[in-house]
Amino acid sequence: MSLPKTARAAVVAEYGKPIEIRELPVPREDELEPGALLVRVDVASICGSDVHQWDGMTQALAPAQLPIVLGHEMCRRKKQYMRTNCERFPYLVGGFAQYCYVFPPSGRVRIPDDVPDGVASAASCALRTVVHAFDRLGRIEPHQRVVIQGAGPLGLFATAMANHAGVSELIVVGAPEQRLALARRWGASSTVSVEELPTAEMRLARVRELTGARGADVVLELSGAPYAFAEGLDFLRPGGRYAVVGQLGGPLTPVQAALFVRKQATVLGVQSADIGQFWKALEFVRRTASRYDFGAMLTTRYPLDRINEAIQSMRAFREIKPLVLPWTER
Amino acid sequence: MSLPKTARAAVVAEYGKPIEIRELPVPREDELEPGALLVRVDVASICGSDVHQWDGMTQALAPAQLPIVLGHEMCRRKKQYMRTNCERFPYLVGGFAQYCYVFPPSGRVRIPDDVPDGVASAASCALRTVVHAFDRLGRIEPHQRVVIQGAGPLGLFATAMANHAGVSELIVVGAPEQRLALARRWGASSTVSVEELPTAEMRLARVRELTGARGADVVLELSGAPYAFAEGLDFLRPGGRYAVVGQLGGPLTPVQAALFVRKQATVLGVQSADIGQFWKALEFVRRTASRYDFGAMLTTRYPLDRINEAIQSMRAFREIKPLVLPWTER
Amino acid sequence: MSLPKTARAAVVAEYGKPIEIRELPVPREDELEPGALLVRVDVASICGSDVHQWDGMTQALAPAQLPIVLGHEMCRRKKQYMRTNCERFPYLVGGFAQYCYVFPPSGRVRIPDDVPDGVASAASCALRTVVHAFDRLGRIEPHQRVVIQGAGPLGLFATAMANHAGVSELIVVGAPEQRLALARRWGASSTVSVEELPTAEMRLARVRELTGARGADVVLELSGAPYAFAEGLDFLRPGGRYAVVGQLGGPLTPVQAALFVRKQATVLGVQSADIGQFWKALEFVRRTASRYDFGAMLTTRYPLDRINEAIQSMRAFREIKPLVLPWTER
Amino acid sequence: MSLPKTARAAVVAEYGKPIEIRELPVPREDELEPGALLVRVDVASICGSDVHQWDGMTQALAPAQLPIVLGHEMCRRKKQYMRTNCERFPYLVGGFAQYCYVFPPSGRVRIPDDVPDGVASAASCALRTVVHAFDRLGRIEPHQRVVIQGAGPLGLFATAMANHAGVSELIVVGAPEQRLALARRWGASSTVSVEELPTAEMRLARVRELTGARGADVVLELSGAPYAFAEGLDFLRPGGRYAVVGQLGGPLTPVQAALFVRKQATVLGVQSADIGQFWKALEFVRRTASRYDFGAMLTTRYPLDRINEAIQSMRAFREIKPLVLPWTER
């Protein structure tokens, strides 16, 4: 394979300003560290944290030096490798580009033939993080009540996983209706719209009603919404388990510390995942494709040139998980 | 056994006002429910929550109707039973009295002959709660670093238990020096005085230094201090476990919810304990009495008449766990 | 309710000899211990161990004094209680009778209205033991391969539970074909007939083939067959988990002890269950009734008079779990 | 460092025949695979499996092609690396030699300065396997009774670890008296000599007596003795946990499979360990050196020339864990 001298990439030069498509030099083979890969990006997908990578919110957590190439969920079909270095926040070597440099210690997993590119890309960060959350939570029994906070890609993947695990009382809290409808199709027994019930008190009352006044056995926070943490703790029944995944920054949350004690709560923080959990994520979409139309989550396909439009559409909740196609002309 | 018609008891008639010693009627045998016990109280001990039962702080959590008989840690040697209904907050049937009514579903454990009355009484609530916390935390390995927040009875019992379990890096955060000295005698490798380091920042810097900048593998919150929850979360290393025990009420604590995620923390709320854990508490003090002089925690013995003095001395941190003797004249 | 002076019951007077239907005295109310119940038996079901209770095999394990009333799985709809004292082997106070004495410490669970009598009776021992086995095993992930040894009531219930928990590669080893067909209907992806593959070597080869030469992640022994234990250990992949439930006696099994080490196996013995697991069993059949026709397991309904015929039919594997109706005339 | 052309090594050319000291070619630097190491062996130690590597017993489990260089526990102080590829049975690249080739994927751990060479070598296989066993078992509580089968290096290390973890009732079953005396010094509350009590029945009676007729909460099989597996299962109390480590081959053991069920036993196979467990092993000996004189286990130091004598002395149970010094003249 003879590589081009340069490749096109989506570059954030200044937080909150339009992303620029630049021609960047492609590393020559003798510039690769041992164990590194240079992969052609077939398709990439947009993660919520990409938006905050662009608007600068993640800067507070993990300072990065601009400029950076955006993107960390992507898929390379031909060589059948995928990049999984979600941990290396803020992803200085980005996926919204024609080629991507994969660092040596990154794990690689072969994508099963029957998993579509876009779904594999979405599994590379969003789903494998959800897999990790379920691994941390341990067994969920058929009679247990589960609340999922968030109806974005993580919340929807979690809905499918909980449904597949036999949960029959499964409440998804989120918005907009387009996402909640998909949650119901994938197994949510009830959805609670944060648009229709705009206050925490209203939502708590609704969840109490849906869980027989007792609260949820298991709660997963996958929303990233400020204050969602305290709200999820309120949803929990005494003795319940709470996986916290989406809280990446934001303001301090006032919490009643005595609640941990009185509920004897088990609270489990979850961030990213390991390579084995990525393999399990791919196995899950492969085995359950006939039940869950995961492609419905991949709302729009944007050529690289339209990356700004994609980011804005994502911000406005018009998208669930749009794809970025580095090799497609508009 | 012929019972007297009345018995003396320490009664809270109004929050924060002097406790009154009243003569209360002793139930006749035919007034007992099936399975209930009426026990003569040999010795009782004062728990921190008794103080808040008296000053009314616990009222916010678990409303009680005054008047009440104070006290819930006690010991009956002769029949070798102990009361263990700590859960029934706010202990309407109290232990600071000559006789105490024990409800039918309360568990009973035989006190080993070689465990002194006062220690057995202290084990009936304080230590068994600590046993529960260690049960929730699971195994602690010899190389792991443990921080204990609080040097009161729970913190000191936890110090002995962690030391006995082979922990060599064991930091106790609390005050006053009398308690910290006991903590060091029972195995703390370092103590951090909240009097000498009055701010959370100072204490965090000290704990970081003592844990090689990494933080603690395991933290136990046993202090009940407001804001201790957020401070303990800061002490924790990524991947660490945090047992929260002492938070019974108080103001909302501002917490950085993203910390749960970034640290992938495991946070475990613990309240009271079951009867098996009480048995384990008694076994622990019995088996380790030659190493830990648990009696050193039982700072003063007060006759029932001096209960107000005992409560005030407890409030002023002059006591660790004083005893109340219902049958002793001054 | 005025009780009759006597009631009809199935009595084993001598091992292996025909069971006699005798009129036994019904305890008067003043003969009941505090907390005991006297319940009218609406329907009972036959457990494999009832057969061995009759033929005397269980005698080696838990000596009983004849005569005894047979039966320990039963259901009382009206008062909505069920007997659950399966542990009190060999069930001296039996369920194949018009009335049954339930000892005071026995747990009681209310039967949901929409669970049929026969299914509730089967849940009272067979299913709750299976629930216990899954509790011991912990979480089973969607990609994991499960082998179930035995296609009797326990094996079939386990098939439904594993299928409901999202297991897609689920192999049931047993016989006869009638049972294996039901296993496939309830979610087995493959069945291995011990009639068609009569040797352990043949079955091991088949299971290896079905599990990609690797072996099963999880095996459940629910057959009670002699030597099944060693066979199940052979089915297990390195790192796998093995729940052993059905082995109640029989000859010594030669085992390669080094297999535990080389496979780093986790082997979990399971016997009977507690009252909470019985509640979970009833919840399971209630919630999943539209997917699994549990009634198909209840092959025949025998009036009490035909108990000998029922036992013989059970022995000959013509039945899965027949019912006994104490109040029906032939 | 300029390497010699050849190095001396202990070679097994034929099972059970005298080991030969041969001059073998040292790989040149350009012959090393990327990531491999060539280390000078400062000191090595003899593992029980080295004996069976020599007598051919391990051949049945893991066929090896002769000739081989014996040895897999060793220590290289200067570069501070240790070899840990115990898993690569039967250790074709051996440690009883002046230089040893360490394969690329082998983990490396820095030896703490205050851990002596011989102890570090012993930790590289024996102790880290014991660490793995305790990791599998999980928490052991102070009141629990522990039986250790075997008083060889693994049994003695396990005695120290259990004692350090706070176990006060700790029974070691083994021989000869020299080893049992060391076990008592390291914390065994009782020892049971297999020389004095030569039958399983006698030993079971003694363990029953020592455990209040109830059996042990935790048993560790570290003996490698044939039939020790079934004996350990007999030692276990209902609900107990059993780690099986030493069973590497040998004849089929007749087991009562119903015992797993009736005891609801948890049986955990353990083989070798990972690199993190090796780090924990080194931390353990470093932190507890003042309590346990681990050097007492290292009974004799043999120059390489006397390897046959060392193996015979080991076989005759005159040694616990002798050292092999590749650079010392006789």
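So that you can tell them apart, the chains are marked A, B, C and D in the order they are listed, and the count of residues begins at 1 in each.
The definition used in the following text is that contacts are C-beta pairs under 8 Å (C-beta built on N, C-alpha and C of every residue); 3 or more make two chains touch, one makes a residue touch a chain.
Because the structure is a prediction, the values reported are computed rather than measured.
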Which contact partners do chain A and chain C have in common?
-> none
Taking all residue numbers used at the chain A/chain B interface, answer same if over half belong to both copies and different if under half do.
-> same
Using CA atom averages as chain centres, what separation in Å is found between chain A and chain D?
-> 46
Multi-partner residues in chain D (2 or more other chains touched) are none
What topology does the chain contact graph adopt: line, ring, star, complete, or other?
-> ring
Full set of chain pairs in contact is A-B, A-C, B-D, C-D
Which residues of chain A touch chain B in their complex?
-> 61, 228-230, 244-250, 252-271
Quick one: in the complex, what on chain B touches chain D?
-> 138-143, 164-166, 168, 280, 283-284, 287-288
